[in-house]
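Next, two complexes with chain A in common: one pairs it with chain B, the other with chain C.
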Partner chain A sequence: MSASPLRRNALIALLFLGPNLLGFLVFTLGPIVISLIGSFTTWSLRPSVPLKFIGLQNYVDLFQDPNFYFYFYNTLYLLIGMPISIAGSLALAVLLNQKLKLRGPQGTLRLSLVAAALTLCIAGFLFFIGSHSAAFLIFALGLISSTGIYFGSIGYRTFYYLPCFTAGAGTILLWMQLYNPNFGLINQTLVAFGDLFGWQIDPPGWLTSTKSLLGFLPLPEHFNNGGFGLGAREAMIMMGVWAAVGGNNMILYLAGISNISPELYEASDIDGASGWQRFRFITFPQLAPTTFFIVVMGLIGGLQGGFEQARLMTEGGPAGTTTTLSYYIYTQGFERLDLGYGAAVSWVLFIIIMGITLINWRYGNSAEAE
Partner chain B sequence: MKNSAPRLPEKPDEQPRMSTTKFLAAIFAGLLILCGVAAIWHPDQELGDKVPLVWVSDNNPARTAQIAAFNAENPDLSLRLDFGNGGTQKIILQSSSGVGPDIFDFGSADIETFVESGVLWDVTDASVTMGFSALKDGWPEGAQTYTYNSRQYGFPCNTGAAILIYNKNVFDYFGVPYPQGLMTWKEFIDMAKKVNSQTSPKIGDDSRIFAVTGAIWQQFFTGQHGEFFDPDGQLTIAESPELYRAFEMHREFLFTHQFMPSTIEAKAMSGQGGWGSGNLNQFAAGRFAMAITGHWALIAFGQAYQQQLDELTRNGLKEEDIKDPLKKPLRLGAVLIPKFSKLPPSYQVQSRVAGINAKSPRREEALKFLQYLAGPTYSELLNAGEDWLPGNPEYSELGVDPGPPALSRQELQDRTVEAMSYGYSPRQSPFLLTSDVFRVIGNQISRLESTPDISTQALLDAAQSDLQTLMRRTLERNPNLESLFIERFGKPAYQNL
Partner chain C sequence: MEIRTLLKHVGLILIAIGMTVPFLWMLGTSIKPHHEVEELSLVPRNPQLENYAIVLRQSPDPYTGKFLDLNFPKWYFNSIFVAAWVTVLQVLTSSMAAYAFARLQWPGRDKVFLLYLGTMMIPGMVTMLPNYQIMVGLDFINTYQGLIIPAAFSAFGTFLLRQFMLGIPRSYDEAADIDGANHLQIFLDVILPMAKPGIIALSIFTFLGNFQSFFWPLVMVKDDAMRTIPIGLLSFQGQYGQQTELIMAATVMNVIPLIILFVVMQKQLISGIQLGGVKG
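Right after this comes the complex of A and B.
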């Protein structure tokens, strides 16, 4: 083959890759390099601050700043939701991988219509007696059930994946309404549940509360510990779990499950294995690479996360309890206009993420191999 | 037996297909052409010879008439409103990168941030030439809301000090006499207790009436003429008796007397939307007896009043037929915010200031807008609506529309003008942004609201410590400020920050 067509192909490839490469250099690599350099300077959006090299001063200030440790604690605290969401995704994927055993297309349609009619009756009755929230809830559940019965697991998969189609800001606004301490569906349900059993339930303040499940610990003074209970951090964790359970992790697990050889299950059937044993000794070990990938990506995403929620729901409050490192970077860079300091925080965050990822690769990979 | 793959039948006369390369190249070329069209087809060309100006402000319904009047007075300019692009960070970033608006509004507490970020144009000299000088034409008590280091950076779209607005219907319902004249806080508490002690009758679902909304720590602090900094610019938060008292009163109002809703209840109310904030709508609906707010709240109250009248009409009722005062359409009165005994009244002046983007290529033309804000046309339009006072005190009574008698528009206007005579703006410091001070103290207030038994001194100490850290960081990065600080307070004070 002569050199000329090769060169021609290379030129064509470069032509098509060029815009992307240019975009990567200008909008990704360039800013990364600039932020690294900037973290060693007095880089600021204030013209009165002269740009000068200050070595590690930003990093020294950062490690002397008690708020940094508080926000890092918040970031780690929000990761509590990660194992719950991974377990939820796995459970959901296993469930959605089941074939629904229904009697033929006619039988399915009939059952679906019966479920729909039943739903309409109950929801209509609840609406009539004035329980509008409960009527809506029953209607939504009934709609999902009857559609799921007709379309089978594909219908359920679509429903569970719906949160991923929704814009993040829209979901956050929805949850803000759900967490409304007086009128939100969650507290209303809790109070109604308490009334049912004659209990006096004092519902959580959710986004307005500094309480946390680790509030019983003797945390440092500046951690703004509001005591034991459910507060803004738990509200964010719950929202995160809801969004993650039926999201991309579920899809990854579904793909992983479909790649498991059916022969393994056939052999286990012959050996008389129970459903749990099939899961414990076949499904879960076979999904180890998928789980490893999800854990690594979840940790990276979790450590970088919390910005959207803090910006839209709480502005980092109450008393800084929902300020994560990513929101702290934003406030330092764009509210205090101190870009150098913000860049230093982001590089420390990068090092933390890199370190945790390397540990994962080192020990996670060997565990997976075993 | 030897297996051989079945041969596909040949496709005679198949048309040559366009190669992937050519297809993608065609898309690329098409996109380039579209970029060219977008660059040539610039919307500004539709304006002809007029110079376009963009004003980032709120979506107050009165803006339409204000903009139309400006455009009529300046036929060579075309001003348009961009209400979705507000926010300090957004404006700073856009303006720094050369794509910001020509004119933008900002609150009094943000002036230092904008000046320090270099996006606000210093109009001191131009304003004298064009007749809208801060010192000559503005309210003297409010000059600090649009000046920084004695330089002028804009002109107010509106200005004023908060007053105490009360809902006559709620007072009638409880049989409590209306507030009269300038009360002390002690007298206010006695009166508010009369309202709160009778809140057992439930109105609607799980609702109750609160004595007041808007009685927050800032009101108690500025009511004592409090300062965050000493005259040299050093922080005085931890040892400020005014701030200590303000925190204590905030706690007392919230938890001891329950005059105002708890954080949880307030959050629930603010989530109920409407033009203006949720608690103002709740006040108009009779869930608060009093509101400490600017008389700009009349925008929300006026809308609520009209809705209430419409509802009466829909139901075929007349106002005089209604016996229950709480079912009557809104009726307002206003007095000055109470004062502390042994202290003269004192209120913080606040402004919505229009400033000019220092990097705007049309900043000279934008100056005409500030001139317009200081002039009679804009002031008259402002007074005809329900907004706060015009920035030029000469026109504070020009064309005031008394509106419906129930809303007592003139009374609210008079009380605001009176409050302005006791107005001031807390001192600024060259070493720290005032917005940082409010943010950090706001954080400690959140702590107080969620942990009522926490000590006030601990909260003040935490705020002081956080702010000193920020101050030290600012000084370390700015040698001029660092020298100034050491010159004023000495090296040991700097090292102890």
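Right after this comes the complex of A and C.
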């Protein structure tokens, strides 16, 4: 007696799907349901708090919580980095896709060797006269330029992608030191640069400062606005751009550009289009699906972002200015042990993400249809 | 025209320098003696490896005379052990599930798949809090199981490999089927070898993501001996937070293995990103 082929198939499918489906139910779908239900209760890690159903109370509290609006503002503010890094990724991809080979027999190899030899000589000379730092910098310059010239796009791509690949606790600590107001590389360079021209430069306080570029706005009192300037949020943005600009988005743009039909460019050559016109009327429109994907994914990731930076660099400070919604959820859950309230915040975050993604979808699709 | 090509190289080189300078400063600072840290320089006047010795507990901290409370060998082991297990399990469960979604016909398949996709939209923070509670219930807090098992199942990995398997022509399975192969044989001998590029890409992302993972170990690990490298680096936030040269030595030890991994795996990684439009 054999089972019908459909049932047999379903059984085989279940065997293959089983382990994954089990994990999916226990660690993804189950927690989603628990979280949703939990957000309507007094769910707490404190054993003294009895578990009670309280309806919409967590959500009501949340909308009356001035900090929620403050941290939502911070989350949105940190998204400023996204268009900058996306534009940067696109620019890098376009630049990497240009003709980088030199003419002449082995012109590329020769130039690469010349660059290596020249920088080695200068580095050697600088080392000899005792400027070790300058020698090291020139040596690095030589290494980068000879690799880049010889390998072209692939060579440069390696250097651009490194910050993205190594991103994590290590690079966050690294930037924390770069931003040190007194002896971090950034402020030291700014001051040294000022000295060169005889200017008195008062460098930004970076991670210790509540200033922001929107600090001139009449923001509510509890937003702890430190006035106009560069502060902790700008520091986060700059670090984020550094990590993202040569990362996955650039790789996606490179792949997108290589898929554009060469005939389009040939036709534009016949019409005598300039480089900018080729970008404006061929490259950019042809990359619209890639850009759309990157923006959607970037917004989804960005709205959930800022946790690691806040936890490692600033503990959400100074004065809460680097606390994002994801860090707020963490502190509510694991520091105040109030899981129910944390879950409510996470669901509001989900609704925000969903809403923005849907708007994106509608707007993005209609833009593509044009 | 040759000048224009040269100028492009100059631009690209300058950007590359900008991207690498933080790493150069990190290397330089990690070999600085303490009194040189406040100087603007990439290379110290008196380079020394003492900071690494202090971080690796071969020498005491010169200011307190005590050995630092760090355990890099153990943290390395934990990070690699956890990331390797998660990678193996996730590739296994994801590829099997992907096979079920891409190559088998069964009722409700597309609905289940849509459910998988839908959950990918929900922020990780939503599931974190209940998952923590589940770990408390299973008594997995502060254990390797707790670090590995919740990460071993991935809707994303399933999605990535499903897309990849859909691209493999049907005729391969059919030929194997005519030869009398069963589904396990088709999966192991036909589909898996052909999905290799996708599996390699997923492996790199999973390994890297878990090696660098911060949030989950942060809430799971209670004990120094269970720390992974990112959690270990938290020691520098408080008690050793003032000693830049030590922090940079520790950071180098986090970043250098990654740079090596990247240089070795670069080609597979890049094709993987293009394959799945992955966020790493």
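Keep this in mind: the second predicted complex is superposed on the first by the 323 of 370 C-alpha atoms of A that agree within 3 Å, B and C clash if a C-alpha of one lies under 4 Å from a C-alpha of the other, contacts with A are read in each partner's own complex, and residues count from 1 in each chain.
Assume a contact is a pair of C-beta atoms (placed from the backbone, for glycine too) under 8 Å apart; a residue touches a chain by one contact, two chains touch by 3 or more.
None of the values given here were measured: they were computed from a predicted structure.
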Combined model on chain A: chain C and chain B, fit or clash: clash
Touched partner set for A:72, first chain B, second chain C, both or neither: neither
Which superposed partner A:182 touches (first chain B, second chain C, both, neither): both
Touched partner set for A:158, first chain B, second chain C, both or neither: second
Touching partner for A:210 - first (chain B), second (chain C), both, neither: first
Partner chain(s) touched by A:16 [first = chain B, second = chain C, both, neither]: both
First, second, both or neither for A:300, with chain B first and chain C second: second
Which of chain B and chain C A:40 touches, first, second, both or neither: neither
Broader residue contact with chain A after superposition on the shared chain, chain B or chain C: C
Touched partner set for A:334, first chain B, second chain C, both or neither: both
Residue range of chain C overlapping chain B upon superposition on chain A, of 6-14, 60-68 or 114-122: 60-68
Overlap of chain C and chain B interfaces on chain A (superposed complexes): 12, 16, 176-177, 180, 182-183, 334
Interfacial residue positions of chain C with respect to chain A in the complex: 2, 5-6, 8-9, 11-13, 15-17, 19-26, 28-29, 37-43, 45, 92-94, 96-97, 99-101, 104-107, 109, 112, 115-116, 119, 121-134, 149-150, 152-153, 155, 158, 183, 187, 208, 212, 214-215, 218-219, 229-231, 233-234, 236-237, 244, 247-248, 250-251, 254-255, 258-259, 262-263, 266, 269-270, 273-274, 277-280
Sites on chain A touched by chain B in the complex: 12, 16, 42, 44-50, 54, 57, 61, 65, 67, 176-177, 180-183, 205, 207-211, 221-222, 224, 226-227, 231, 317-320, 334-338, 340-341
Residue numbers on chain A that touch chain C, as the complex places them: 6, 9-10, 12-14, 16-24, 26-32, 34-35, 38, 92, 95-96, 98-103, 111, 132-133, 135-137, 140-141, 144-145, 148-149, 156-171, 173-178, 180, 182-183, 185, 188-189, 192, 242, 246-248, 251-252, 255, 293, 297, 300-301, 303-304, 307-308, 311-312, 326, 329-330, 333-334, 339, 342-343, 346-347, 349-350, 353-354, 357
List of chain B residues in touch with chain A within their complex: 21, 24, 28, 88-89, 92-93, 96, 113, 116-118, 206, 263-265, 267-268, 271, 433, 435-436, 439, 443-444, 446-447, 449-451, 458, 462, 466, 469-470, 473, 476-481
